[in-house]
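Multiple structures are listed underneath, in structure tokens.
You will see chain A twice below: alongside chain B first, and alongside chain C after that.
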Partner chain A sequence: MSTLHRLKVEFSGGLELLFGNQRVHTLSLPAVIPVDEARPSEPRSTDVTYLIHYLRTHLLTDRPELFVEGDTIRPGILVLINDTDWELEGEGAYELKNGDEIVFISTLHGG
Partner chain B sequence: MAPASCALCQKAKAILKRPKTGQQICKECFFFVFETEVHHTITNAKLFKPGDKVAIGASGGKDSTVLAYVMKTLNERYNYGLDLYLLSIDEGITGYRDDSLETVKRNQQQYSLPLKILTYEELYGWTMDAIVSEIGKKNNCTFCGVFRRQALDRGASSLNVDHIVTGHNADDIAETVLMNVMRGDIARLGRCTLICTQGEDSIKRSKPFMYAYEKEIVMYAYFKKLDYFSTECIYSPDAYRGHARTFLKDLEVARPSAIIDIIHSGEAFGVREDVKVTQKPQQTCKRCGYMSSNDLCKACTLLEGLERGMANSVTTDRARKKLDALGPAPDNLRTIPQFRPAHLPVSVELPKTDL
Partner chain C sequence: MSSCGNPSTDQDALMPRRLRFNKGKDCIKCKANPGKIVIRHAVYCKECFIPLVMLKFRRSLEPSVNASAGTSKRPKLKASGSLVLGFSGGLGSSILLDMVHKTYFVNESSANGEARGGTNHPRSASVWTSCAVCYVEVCSAFPETRDRTNEIIKALAPYPKFDFIPLRLEYAFDDSWWRSITTTDQDRSQLTIELGKDGLYTEALRHGPSCDLSPVDALRTYLASLPTQTAISSAIRILVRLLLLYTARSHRASHLLLGTSLTTLSISLISCISQGGGHSIREEFQEEWYYGIPATTENADAIRVVRPLRDVTMKECSMFAWWNSIHVVGRDGQIRATAGIPGLTKDFIVGLEKDYPSTVSTIARTCAKLEPKNASPGLCILCQRPIQEGLDDWKTRISIRSYSDAKLGPDLVYLPTPVPPNSSDVTMSDQCPSISKQLCYSCRTTLTSRGSRAAKPTQPRVIHSTQQPLSAPLPMWVSASCAQLRTEDRQLMVLGNGEVWVGKRQDDATQRNEIAEFLLDT
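== the complex of A and B ==
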């Protein structure tokens, strides 16, 4: 039986406009990446790279090129994992845990 | 990855990797170094003297919101002795500027700073909505940019301030350096990395955030829970800047110090004296009196085109000649008001003192 991770995902800095103008989303992801969606065919724990892929395919409503570039986030978007810069947490390779809070903030809008 | 401890205090958990230095630091140390670096930028450049009246150009966006907060904090912490004001320009863009000005009005209350809002409508007789319905979305950024720059100066004049500070950050400056290199704009390339320039009526303009990374400004706003507004302007964005920005953000991923490196390159760029003399001398606009390098300043030229129904033709020299060939400008053309403090009483909205 696969377990589920419950995650809180927040968009700000204008990114919420790409996600139905909704800032906070609560979602459940399988703890292990489903084989048919994952790039490597062997099972691996659900990480932030998979979360980005999931958000892009399931929640994004508008203009994917403003959110992703290749299989990562578009440069200029900041990511925080439990209020810590994702650059300190292994970026896309960070393995998600139940209850994690992920924040995406665009810096690309006018100041 | 195990959570690292802060490279500065060695105690708290690191929450941020600084793009400028690669250091991993905690929240409190981040606030402290961010504010202290801005303080050093201000003191090294000797931007202010005690008693100066300083207007903060406030759009409600991230940069100016953080700037207002940090200017107020530093003014109190280091006793700069500055009289701070918020100065906002209302371009008249429904669904964009009206919303962002609501943010500025909240900031006014939150930071207890007096606020002055100046509208394109009262200055030029045209809102951006009206301009776009006249000329379309193609060249409207030209109008908006020229009009905003003058509006800030005129607003500052009406507040009788010595100085305008704007929220331009390191990323903005690096972008501008790249754009000026690509366009071969020598005059602007020489000027764009100056922290302080002299504008109309000897009002200084400066950029206390010119060495502050956008990433850190946004992180600062996030961790301080500052209230800012973020939506793209509903009219077409500055496409040329967009290319420079995308390129710069890609560079930053590969090498975070690239942004500060480009600024340093721009600063080190010297313009030879014999190149400088070919640049046009400054004079004053024959119609409104604003500083200008031609008989008419850019705002008056653009406004004349709008009023004569030839708005799209005034963005090039050739089209200007065509306009002139149609005869002299009608004498009922609007003179853009200067708002010199001696002539006009200033009404400033004071923050409510409800606490």
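== the complex of A and C ==
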């Protein structure tokens, strides 16, 4: 039986409206991506790209085009991994660890 | 890799994407802490990032605070009037509000509770006498949206020193609001116009039981009459801007601050140019508003419209708000974001910022260097920005129009409302001239130009007392400007038998010259 990563995912800046108006979600994801999901070729560790895929298929309730673009997030959404810009952590390739906190902030809600 | 051409035929069309950061993961400023954010390929820690944003804010704002530069290298900051802050509840204005409050209205105490530097320190003196936060509720323009004024009031609770001025978009058509903020005793009869037609001739809206429009109806009729989605977005933007400016004027403000970030400024600049507003690009960047009249030496006290976050990107704003726990109300931006040229420009610039963050800054810096070749002959009566000189000649040269199609003609050409013969209730003063010459190129194009794919605009919902379709009402400041035109320019009247009468008011000297030979010497 594979181990599970327990993650805290938070949405801010209006993104919570796309996720049932709930800001904070606690998720348990497998440490290894299931072969039949997202990347069918070979098993690999759960990364942020898989998290985005998981959020889109399991938690997103409204208008996916406002959250994702292809297999990454839409421009204008800031992602923090443990309070650090995800660009410093390798963006979608960052391998998730147990207890990680991921924050998605929309910057597209007016000036 | 991003495409800037056709990659299938041209291998060089794919531009290699630069590394997100190229000088290590540590903060480039303190060189000690691990980096937390990447800003235009530079890495900063949290401790260095927050003062950096505050520095950018003060560097953009403070050179504009004093009425004159003076000779001192570090002049004491003192504004000539009060401060009005435009607040939308969005990201930029939320952090602007917090920054203004912490920087200029709260003297942060030291550890022992005393004000830093003592009570006589210049820091303790108020730069502005007071600050009012102005919010424009736009829900009347979008029936599917809700009124968020109460949410805004809650968001302003942590700032008790600031006054709150709630406005509504329909105030632009509200005579009582206009009377409350203007002191002149002008003709306030509201004007209407048939939008989408050449000439843009105005008609006076006759007050009566069947056409006494409520401000909300007037707003909706005006927006429904606009020919394109772009025109609607542009109209709302102009209405919000002028409502803020007139409110700032009524509060004797010297400064109006807006929370426009570098990203939103670049969007505005490109969008403005795309809609024919290139002549007033400087005003889009930074504006001095002289109460709707051209600047002269006598009216030196203008309202300065300043965008203190113009060097701070949207990403920096988001991080600043997150790390400082600033509550952002947000707004239903998706409704407006998808509409017309502004929405398309926003998508383009936001995508550009993700892949090539420095180019967004380049847009703003390049536009800051632009200025018109010639002085402006006046201000547009709708947006109150400079009009381009020789606009009619230029437009004649670049436009080819034919109304030979009998079906198309009536949709594009203005046909004045016929007046019954011997009608006593319609006088020359009821008929108003064309406002075409008093509009800038951008406003004129916005009001008349239909997109090739646009559907024919729906008829305005309001009906004249004579049961003919009534054209759209115009904002109060346009009516006020036209009141002056009515006495100066030509007046048009069409009688029921088809005769067209054009009246032109002459000044006393010209009139005297014309009849000079008939005057008796006294």
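Just so it is clear, the second predicted complex is superposed on the first by the 110 of 111 C-alpha atoms of A that agree within 3 Å, B and C clash if a C-alpha of one lies under 4 Å from a C-alpha of the other, contacts with A are read in each partner's own complex, and residues count from 1 in each chain.
Following the convention adopted for this analysis, a residue touches a chain if its C-beta (ideal position, glycine included) is under 8 Å from a C-beta of that chain, and two chains touch if they have at least 3 such contacts.
Model, not experiment: these values are computed from the prediction.
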Practice problem: Could you check whether chain B and chain C clash or fit when both are placed on chain A? | Solution: clash
Quiz item: Does chain B (first) or chain C (second) touch A:G14, or do both, or does neither?
Solution: both
Quiz item: For chain A, which side has the bigger count of touched residues, chain B or chain C?
Solution: B
Practice problem: Applying the touch criterion given at the start, work out whether A:L80 contacts chain B, chain C, both or neither, answering first, second, both or neither. | Solution: both
Exercise. Tell me which partner A:G70 touches in the superposition: chain B (first), chain C (second), both or neither.
Key: neither
Quiz item: chain C has the stretches 5-13, 113-121, 311-319 or 401-409; which one runs into chain B?
Solution: 311-319
Quiz item: Which residues of chain A are in contact with chain B in one complex and with chain C in the other?
Solution: 12-14, 75-76, 78, 80, 83-85, 87-88, 103, 105, 107-111
Quiz item: In their shared complex, at which residues does chain C touch chain A?
Solution: 20-21, 25, 35-38, 43, 46, 88-93, 258-261, 263-264, 314-315, 317-319, 322, 328, 330-331, 333-334, 337, 346, 350-351, 353-354
Quiz item: Tell me, which parts of chain B touch chain A in their complex?
Solution: 1, 3-4, 13-17, 24, 59, 61-64, 167-169, 171-172, 214-215, 217-219, 222-223, 230-233, 245-246, 249-250, 252-253
Quiz item: Contact residues on chain A for chain B in the complex?
Solution: 12-14, 17, 74-76, 78, 80, 83-85, 87-90, 94, 103, 105-111
Quiz prompt | Complex contacts: residues of chain A adjacent to chain C | solution = 12-14, 66, 75-76, 78, 80, 83-85, 87-88, 103, 105, 107-111
